[in-house]
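Below is one structure, written out as structure tokens; the observations come after it.
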Amino acid sequence: MLEVKNLHKVYDGHGRRVTAVGDLTFSVPEGQFACVVGPSGCGKTTLLRVLAGLLPATSGEVLVQRTPVTAPPPGLAVVFQEYGRSLFPWLRVRENVELPLKAQGMARSDRGALAAEALAAVGLSDAHGAYPWQLSGGMQQRVAIARAIAYQPRVLLMDEPFAAVDAQTRADLEDLVRSVWQRFGVTLLFVTHDIDEAVYLGQRVIVLSASPTTVAQDLTIDLPAERDQLTTRSDARFTELRGQVYAQIQKVKAPA
Amino acid sequence: MLEVKNLHKVYDGHGRRVTAVGDLTFSVPEGQFACVVGPSGCGKTTLLRVLAGLLPATSGEVLVQRTPVTAPPPGLAVVFQEYGRSLFPWLRVRENVELPLKAQGMARSDRGALAAEALAAVGLSDAHGAYPWQLSGGMQQRVAIARAIAYQPRVLLMDEPFAAVDAQTRADLEDLVRSVWQRFGVTLLFVTHDIDEAVYLGQRVIVLSASPTTVAQDLTIDLPAERDQLTTRSDARFTELRGQVYAQIQKVKAPA
Amino acid sequence: MRLVSRVLLLIGLPVVLLATWWFGSAGSEDFYRPSLSSIMDAFVRTWTWDMFVQQVFPSLWRLLVGYVIAVALGVALGGLIGTYRSVRSLLEPVLEFLRAFPPPVLVPAAILLSGIGDRTKILVIVFGCVWPVLLNTIEGVRGRDEVLSDTCRSYGITGTLRLRHLVLRAASPQIMTGARQALPLAIILMVISEMMAANDGLGFTVLQFQRGFQIPEMWSGVLLLGVIGIVLSLLFRLAERSLLGWYHGQRAGQREW
Amino acid sequence: MVAVAARTSRVTGRRFRSVTLGALGLFGFALALEIAPRVGVVPIDFAPPTSQILVSLGELVGEASFWTALVDTLRTWALGLCIALVAGVVIGVLLGSLPFVRAATATTIEFLRPIPSVALIPLVIVLYGPTVKSTLVLVVYAAFWQVLIQVVHGVADVDPVARDTALAFRLSPWARVRYVVWPTSLPYVITGFRLAASVALILTITGELVIGSPGIGKEIDNAQQSNAVRTVYALIVVTGILGVLANLLTRFVERRVLSWHPSTRGEEVTPA
Amino acid sequence: ACGDSSDDTPAAGGAAAPDKVNAGVIAILDVAPIYLGKEKGFFSKRNIDLTLTTAQGGAAIVPAVLSGEYQFGFSNAVSLLLGKSNNAPLKVVCNGNNSTGVDDDFAGLYVKPDSGIASPKDLVGKTVAANTLKNIVDTSVRASVKKDGGDPSQVKFTELPFPEQVGALQAGRVDAIFVVEPFQQAALAAGMKKIASSYVDAAPNLTVAMYFTSTKLIGENPDLVKRFTEAMKESLAYADSHGDEVRDIIGTYTKIEEPVRAKMTLPKWPSEINTASIDALAQAAVTDGLLTQKPDVAGLLP
């Protein structure tokens, strides 16, 4: 359960003052899968960082699980846009995935099993003993995803998590995230630039306007819960929704 | 003009030995726009780094402008996949773009004009005075693109340069790259995960197999030279080519 | 072949320098600058096994203890100061104040506090070589990547786990720089501490030679200090290689042609 | 306008807080040293309480000879530090960027580094006499290594992607040093400077003390020989104050030249 | 300036520029005569422009004299003997200072009053602080123990600078200390008990320290050495008979406070070296194992 009320965020420093988020209000009910799209630099990452308790809002309020966020809330996982830098270069892939579990005090064997499972799910069973900097960009990004999944969060924030992987892997990962979401009832906020992906994945797509950011459109995706790369994407309703989002994006982009 | 002959590259160290590139042979004639697609971790970045003279091949030969590569060849620019880390955090955006020009000994006013033009082309005129770490992911990536364009290279290597930007910006940048290519007759090797993008942009799409990497398919894109986001993408030939590439990708992915 | 060239690289310059010294100083009449050959004679004559047991080993023991304490203290304190801005504000002036104290004037205070035994000497070593470790740790901790810090915070990685896996690891390249700086400093301080109030040790012996006008013997002691420096730095490099494997791997990549 | 004012006040507020805390730390330290001899933790005759030291300091400040000594010490210190810094940075960058040279000189450096400056005193006196020059040589010798090692390690810290970028765009070696290597190693250089500053100060004092070149160190020796305990401590306090001032200066420089660095940007940190 | 220089007449070549002379001394009361002599003009009237530089000890002074930076230096007798036996090219030019020869000396061996050590022979098995080891202090203290009937080889010495000694004795870190003025006053003020005047025990009217130069200077400029020696002798004689002026001049180059200066016992400053005492020191150095064979005392002394 996420609530954002009149969020306003200004960055100020080093001779630059930017209103990253103008006035943002929306809420994501428990267990919903919401996708966020919006032009580059509109404040999506900023929003996620505020929700994760990593950045104080300039004004407005943010609640996760009904608690105002002042520090990183428990049970919340983030996949950062800067996936490469979010992996610990001194830990091997497996250790990177296990570290948050270790912090929770999980037994060694349990977290070993969870990590192995998560790495297998993202197709990286082979690479568990490598250091992150020995991996390709897409592989690093998948390690970050595996870490979030293995953590079994109640709330999952993902910032363009599939930007660096190829089309086929991307499709697989999309289905993986949906199945994780369905299985554990996670509340999911998913930032993406791919409109098809947003419509395919979510129950709802939130379109943000360009800076100063507000909600330009809040669209419910009324596609059936059972989705499938081939049939869903060729669904007429899918094409229609996707067209709506596309039109909206072009509208918000125009004035900037 | 790029030539890759029997390229073979093995990474070996820290308890891990990976054959990143198995046996790769192809050549890109002067002034061609070639796109490379392939599964995550198949060695695309490795290939680019060898071409750029940043990494020695284990065996085989690589030529740029008919000269064997042993050091970074002149007139070659790279947009790195790790765009964030390829920008210098101690330089402002404008300075980052100007630096390679300064290194060439270009006069201050000329490079100022070129940098301003390139930043305007990627939609970042406002941000020229910011530090890279004050920018969003997509903005950083666009700075890296602007730097490569302002450099006016003879050969341009781009590693997933649009991964972090939104759909609309991406379309704009695609057209920008095509126009730069047409205007200056650059030889362009463009790595992407987006099959539509590969087909839309290039004169040719090279599909790589999964590791150990070889050329799985080399497809000439016989679409008209004048391309347009709306008409080209709805062209029947476009759909057909895109289907071919997609099928090939799924084939190379399957055994892995 | 690689081994041969590495060994050549390692000893090439020293051999050239020694040869220059040897021939340059041959037949020297200068009382304080004797010929290298007479220094070598003195070296063989002086540094017998007995001498090692009586003078060198006690020194090395104090050196080791002092160095280990200094590194541990520097890392612990540095982690604390680097993490909390207010702790840094509170302690920095005092530390800078203490840091400027010359060991020779410090020895008296140390004697007052802890007598004239080994403890004083170890105290002087610790006090003198904790600074590079401390300063480097502080800077290393302060300069860590923010995305990594954010990752830790959002995954609830806190406490000792955060300390071990983020704070210290991220700072470890710089901590190692500090530890490396501290190593020769420790040797220097070992000597200084033994020059002020001691009955044994390498520094004491060198000083005795100097006071007793046994100049070749004195230089042979200085040579021995240099040799100890080389040996310790080789040991240090071994330790560093295993601790910072990831770092050198990441930094060097596969670039070398 | 309002925003700018608010920002300035926040920054000055933070700085004010840090200065207050720093003063508090020093005050607490002084207080501890006032109380310790008074309650008999250390003998009061040989470790005078802070107040007595300050009284002696007050007397010293009134003497012209003290100020001449101070100026002498400052001159040797500053000169030695400058030479060490420039030499350390230049040679450090060279060694750091040329692996072959670095490997070839490694043994020699490791041999020379642990040789204590004090052991070199007879040599420098033979060479330069018991003058400021001798002290200066000792100062440079000791401070140089501090800078050198920091710079060599700083040069090795260049981010591989940044380095590749510079190579790919064919930045000349000089441009690479100027725009990539130097900014990366700057935090290391600053730490090196801070270390060198105190080492140089220490050797200035020690050199003056042992060799007898004019300065605070000589005053300390004189006071020691005369059993003027309080004067000795007052002079030591002076060196401590010099150390604190040197640090203030470095912090000031650091805030200017490292504004881009994660350690100094730190603008948007959650209060938690 | 090779003119003959009879006693008390200013150098004949007065027109010539005075010889610049640097002398290295230690900032202690022993060297008061040279300061006093400089002030009284004993050096300038012999056409010597004297500059005095203080250093912590022989570590700086001896190399400076041998390298020619200083023309003359001040050093204790045992150090000079050690130098001579290692063929250091130095030679004594003049006496420095002597013990008073009576129990009230300018240096003494002190113990804590409640330590149970009544006389030097009780130091057997105990630890004594010396400002430098293997030098004049331990040699003299051994002499005291021997004279008192104890076995000097059973006394342990530990090195501790003078300023630290009283504190260390009070804190019980050592059993006895040997201090010179002004630390002797500090020891007395702290209530410590004197058990011997070791310089007195070492030899009658012991010559503690002397002024020296390099053999090179003697070869190159014997006249200068001669003039310096003369001036020095005059200074010594003057100092020996003008105690009050000495106490005043000490205040100019040390930081010893006025009340302490008034109370201190001053050393003796005879103009001639007590050769017998140097010989005794040389003998003791061999006995105590500082040297393997007796140095050429005659070659060292003028």
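Think of it as A, B, C, D and E in the order they're written, each chain with its own count starting at 1.
Note that a residue touches a chain if its C-beta (ideal position, glycine included) is under 8 Å from a C-beta of that chain, and two chains touch if they have at least 3 such contacts.
Since the structure is predicted, the reported quantities are computational estimates derived from the model, not experimental observations.
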Legend entry - Smallest count of steps, each to a touching chain, taking subunit B to subunit E: 2
Inset, instruction - With centres defined as the mean of C-alpha atoms, identify the chain lying farthest from subunit B. - result: E
Legend entry - Chain pair with the higher count of C-beta pairs in contact (D-E, B-D): D-E
Inset, instruction - Would you mind reporting the rotation angle for the C-alpha fit of subunit A onto subunit B, rounded to the nearest 5 degrees? - result: 180
Inset, instruction - Could you please state the distance in Å, as a whole number, between where the Cα atoms of subunit A are centred and where those of subunit C are centred? - result: 48
Inset, instruction - Please work out the Cα centroid separation of subunit A and subunit B, and write it as a whole number of Å. - result: 26
Inset, instruction - Express in whole angstrom the distance between the two chain centres, defined as the mean CA positions of subunit C and subunit D. - result: 17
Inset, instruction - Please work out the Cα centroid separation of subunit C and subunit E, and write it as a whole number of Å. - result: 38
Legend entry - Residues of subunit E touching at least two other chains: 59, 63, 66-67, 161, 163-164, 167, 171
Legend entry - Touching two or more other chains - residues of subunit D: 43, 46, 122, 126, 164, 209-210, 232, 260-261, 265
Inset, instruction - For subunit C, write out the residues touching at least two other chains, lowest number first. - result: 32, 108, 112, 145, 210, 215, 246, 249-250, 253, 255
Inset, instruction - Sort out for me which residues of subunit B touch subunit D in the complex. - result: 49, 52-54, 71-72, 74, 76-78, 80, 82, 85-86, 88-91, 99-100, 102-104, 131, 133, 147, 151
Inset, instruction - Using the touch rule from the top, collect the residues of subunit A that touch subunit B in their complex. - result: 11, 13-16, 18, 37-41, 43-45, 81-82, 84-85, 129-131, 134-139, 142, 160, 163-170, 193-195, 246, 249-250, 253
Legend entry - Residues on subunit B engaged by subunit C in the complex (per definition of touch): 11, 13-14, 54-56, 70
Inset, instruction - Within their complex, state which residues of subunit C touch subunit E. - result: 31-32, 108, 111-112, 115-116, 196-199, 204, 208, 210-215
Legend entry - In the complex, subunit E residues that touch subunit D: 24, 26-28, 53-57, 59-61, 63-64, 66-67, 69-70, 161-164, 166-167, 170-171, 182-183, 185-186, 190, 253-257, 260
